[in-house]
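Have a look at these structures, which come just after this line.
One chain, subunit A, appears in both complexes that follow, with subunit B as partner in the first and subunit C in the second.
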Partner chain A sequence: MPLFSAYQRACPMNKMQKALRELGEMDDLAARQSPIHSLSPTAKLLTTIAYIAVVVSFGKYQLSGLIVMVLWPVLLFQISGIPVGLCFYKLRIVLPLVMAVGLFNPLFDRAPMLYLGSLPVSGGAFSMLTLMLKGVLCLMASFLLMATTPIDSLCASLRRLHVPGLLVTLLLLTYRYVGVMTEELAVMTDAYHLRAPGQRGIHVSAWGSFLGQLLLRSMDRAQELYGSMLLRGYHDHFHYALMKPFTVRDGAYAAGCIAAFLLLRLVPAARLLGSLFVR
Partner chain B sequence: MHMADALLTPAVAATMYVASGAVAGMSIHQLKKDDDPRKLPTMAVSAALVFAGQMINYTIPGTGSSGHMCGGMLLSALLGPQAGFLSMIVILAIQSLFFADGGLMALGANVWNMAFYGCFVGYYLIWRPIMRGGTNKAGQRTRIIVSSILGCVLTLQLGAFSVVLETSLSGITDLPLGAFCALMQPIHLAIGLVEGLITAAVLVFVYDSRPELLREVGAASGEGRRSLKATIAILAAVVLVVGGGLSLLASSNPDGLEWALFGNAEAGYSENMGLDEENFGVSSAAADKAGSIQEATSFLPDYAFSGSDSAAGTSVSGIVGSAMVAGAAVLICLGGGFFRKKHAQ
Partner chain C sequence: MIEFQHVNFAYEPGRPVIADLSFRIEDGEAVGLIGANGAGKSTVMKLLLGLLQGEGKILVDGRPVNRDSLGEIRRKLGFVLQNSDNQMFMPTVYEDMMFAPLNYGLSREEAERRVDGVLERLGLTELKHRHNHRISGGEKRMAAIATILAMEPEAVLMDEPTSALDPYNRRIVINTIRSLPQTKLITSHDLDMILDTCQRVILMSKGEIVADGPAGVILRDRALLEAQRMELPLSLSGGQAGR
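== the complex of A and B ==
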């Protein structure tokens, strides 16, 4: 126990271990059961793309129109039982660039667009909030797709949509090897930091050899991998055992969702709803 | 440099998908023509390695900060531009799907900004001409270092400029094009230098251990052979012309594209293309009709919003409606929680 604690103090979870944990969490979520999980991946993929396209098509001041789009991911989170916490954890990656771009808007676009009592709200503030909300909504949509769809099923659906087989097989193989490589590098990084305590990264003297050695081993491993693929009967493309059929239910789901997105894009639903109560 | 979906409009995103898709199609065609089935697992393993390798922090001496390696240059030096490009596509797809690093809809733009420049421009304009210069071992090491640094700097500059252009064309930011460039380009110049050094270190290690793994190494031929100095001189001239052009755009014309088309009041329209912004275009019944249809269906809405109450978002009813939607969302959450709890019992 004390040894383990000392090891943990010396090596707090590194970037690669965190990435592995995230991959594992996504795999676990995708393996759950729910009405959303049981839908065809093709239907989910098409719906997600349509949702993102509609969300990003909103004008930079159309904040209230955009807010209505929140309902779809919220509904999906509830039906699928996917925890929203992990999704918001991923915001740390999306928001910095979006904020870096959006934060300048209030400085350049100062014309007041709305008064909240006596407090003027500038066009720049509106466009900044719209941009951030778009970032959050698009992230939620992609996250829900991957949290409810295993990668094998997604690849099968990409093949159904006529994405070239070479690219799909490459995606599947790379995904499988990402775990192996990341794990190997995580161990190497830990070992390096145990030998060089207090050092932040890889020292300049080891820049080439650190990754280079793994790279050389990986090239040999690729040939072994190809041999094992041939032994298992690989010939040009993979066969997908988990290809779910595209049923009427899937078609109805996709058509209904896409129609609803278009309707919400064309009709100012929030304003109409509000006008029932405020003149 | 990974762009999120929010930074692009559907039109720009679709254009970038078409451009990247065309290059991917050509790459797949080329690989099929090469007919080397062993390449697929090598591509997958290399892509996975680059994916993981980009998470390693390399200490930059004397600064206290760290950098990462450049995947595009490394992959194209190992696998060639076509296979490198396809491997970069899957890396970017996995980053976007599982780690939210770059959006699903912005994937086309990200592939163009990072994979196309890194693999094709870096390979054909820099790696291949420099590496074909000679076979001398010490000279080859210098060539690898020079081409890695130049390649990373150039491809990152092009990528950063594309990010600026794509975001500005999408009308997402009020930041003028020139100011945006001034913000992005210098940062990526420094990043490019560091990434170039790290990539060079890895490639030199591979060259020392297994030189046959690197493309174009030792492929010097009589025709098209150019000295390192001559290649560097040509590249320096290209960088000067491109860099000089960009800095002019950045310093004097904050919104260069608009200026070029419509001019400004001080300069007078005669000094540029002479187009009048207010009356730009052809006025006819068909054009007016097309305009009204476009306005109704446009995915690129008119941003001239100020002072108009036509769009939802500024009126009090819009706010009330939004609050009601938020309330509905909360109710869905509460309802979902209630049903799950009941189901669990």
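== the complex of A and C ==
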């Protein structure tokens, strides 16, 4: 019988390794070729920010207006070739949290707002659905940005938009080292499980030393990393090699999208469309 | 030219890690710095690069290593870390290689030309746009060397360049080191690699130099090496190392 069979049956793939693989999948998505991928990251960043701002600006009962905003992510999914299912799979941990935000609204706001046949729909139910949809749309927009833009280009764009250098550098290094630290955590978890057969997860008594070890390792690594940066001429200023130029095409894309978002925000498109059919 | 003149260093008072260390490395020399764990090899590197400050004088091309000269000296010395993950902090190999040239004021085009040249010379062109966290250990080590060569340093310092590499990748790294025209200072426990790449060896123990001379002589001295908790390189021991 193979040496690790019992352990492998218990945990076919370390959760950390799985997370690491998923991180790699995001890089693969961002490296694909499509009209959306080829756009300047700055244009994509601007449109995503504008989209989120417009989505968030809808009132708590403006569900019909908000539904039209679904069009943009749907279009992007189609053009970029990113599978919608993958988006929901990747966001499976955050989505329930977002969905939970408005869960109690129906309890507090019970006044009926409309009737579906004879069934009253309360304001609370409306606001709950609106909040949920807002959360989902914002997450989808962020996912699409990450899935069509490499992180380095994204950071370069953030700098171009004058986001403080320290924050951007932190974001870049965090992304780079999340993988490395996850790898270390995976090795530590494996080492633990190999000496704690049959145990599910890590016992609470070991959490402290686990986190302590990880912190110490992170600090060592940070120190060496900073040394390495200094030795290659770092002076508090990061130079980004991948600065994609912002072309007329990118400008047109950003302007077109932002104009469309504003139009959808100001014109009740869903209601107008509905009035064509219902008199 | 690199020169240590009576250098002392201690992490804790009363426990010297480097004690009255003096040596000189001429331009173009390839020197192996060897010794058991805790001998002070890595500390020597850090002192030379100004990451640590000790007593005594350290000179690079006649200029003392101090706060005022650090920028210029670090530009001359390229340091390849033992752990490539700590060296390759940018998302892709290309960005990592561009980091130093851009920091040193090269234009984007000039830096890119330099990066492409190094990648081609080392046969790593296909790694250019790969993500650092998705390349193998051997590729990462070669890419780490490439990031340093993109600086066009006058001297290359390496800390355990062949550790944790399989024989194939180890051979690639050794051949690369051999092909470098720069002055080289390499610390390692891989004595076969030192024998292959260095003409001169400095053997350290407890922060002091125990022996300094031609690699072919020191690495053949079984008694000397064993006294320092080391063994003859496998290629010289005829399979008798450690017996």
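Here is the rule we go by: the second predicted complex is superposed on the first by the 235 of 279 C-alpha atoms of A that agree within 3 Å, B and C clash if a C-alpha of one lies under 4 Å from a C-alpha of the other, contacts with A are read in each partner's own complex, and residues count from 1 in each chain.
What we mean here is this: contacts are C-beta pairs under 8 Å (C-beta built on N, C-alpha and C of every residue); 3 or more make two chains touch, one makes a residue touch a chain.
As the structure is a prediction and not an experimental result, all values here were calculated from the model.
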First (subunit B), second (subunit C), both or neither touched by A:229: both
Which of subunit B and subunit C A:86 touches, first, second, both or neither: neither
First (subunit B), second (subunit C), both or neither touched by A:99: neither
Partner chain(s) touched by A:24 [first = subunit B, second = subunit C, both, neither]: second
A:111 touches, of subunit B and subunit C: first, second, both or neither? first
First, second, both or neither for A:49, with subunit B first and subunit C second: first
Contacts of A:203 with subunit B and subunit C, given as first, second, both or neither: first
Residues of subunit A touched, compared between subunit B and subunit C (which is higher): B
Subunit B versus subunit C as contact partner of A:180, first or second or both or neither: both
Which superposed partner A:221 touches (first subunit B, second subunit C, both, neither): both
Common interface residues of subunit A - those touching subunit B in one complex and subunit C in the other: 23, 173, 175-177, 180, 221, 225, 229
Residues on subunit C engaged by subunit A in the complex (per definition of touch): 46, 49, 51, 71, 74-75, 77-79, 81, 83, 85-87, 89-92, 94-95, 98-100, 102-104, 108, 111-112, 129, 131-134, 147, 151
Of all residues in subunit A, those that touch subunit B in their complex: 15-16, 19, 22-23, 26, 48-49, 52-53, 55-65, 67-68, 70-71, 74-75, 77-79, 81, 90-91, 93-94, 97-98, 101-102, 104-105, 107-109, 111, 113-114, 123-124, 126-127, 131-132, 134-135, 138-139, 141-143, 145-146, 164, 166-167, 169-171, 173-178, 180-182, 184-185, 189, 199-204, 207-216, 218-219, 221-223, 225-226, 229, 236, 268-275, 277-278
Sites on subunit B touched by subunit A in the complex: 2-10, 13, 24-25, 28, 31-32, 37-38, 40-49, 51-53, 55-59, 61, 64, 66, 69, 78, 86-87, 89-91, 93-94, 96-101, 103-105, 167, 171-176, 197-198, 201-206, 209-210, 213, 299-303, 305-306, 311-326, 328-329, 332-333, 335-337, 340
Subunit A residues touching subunit C - in the complex, by the definition given at the top: 23-24, 27, 31, 150-152, 172-173, 175-177, 179-180, 221, 224-225, 227-235, 239-243
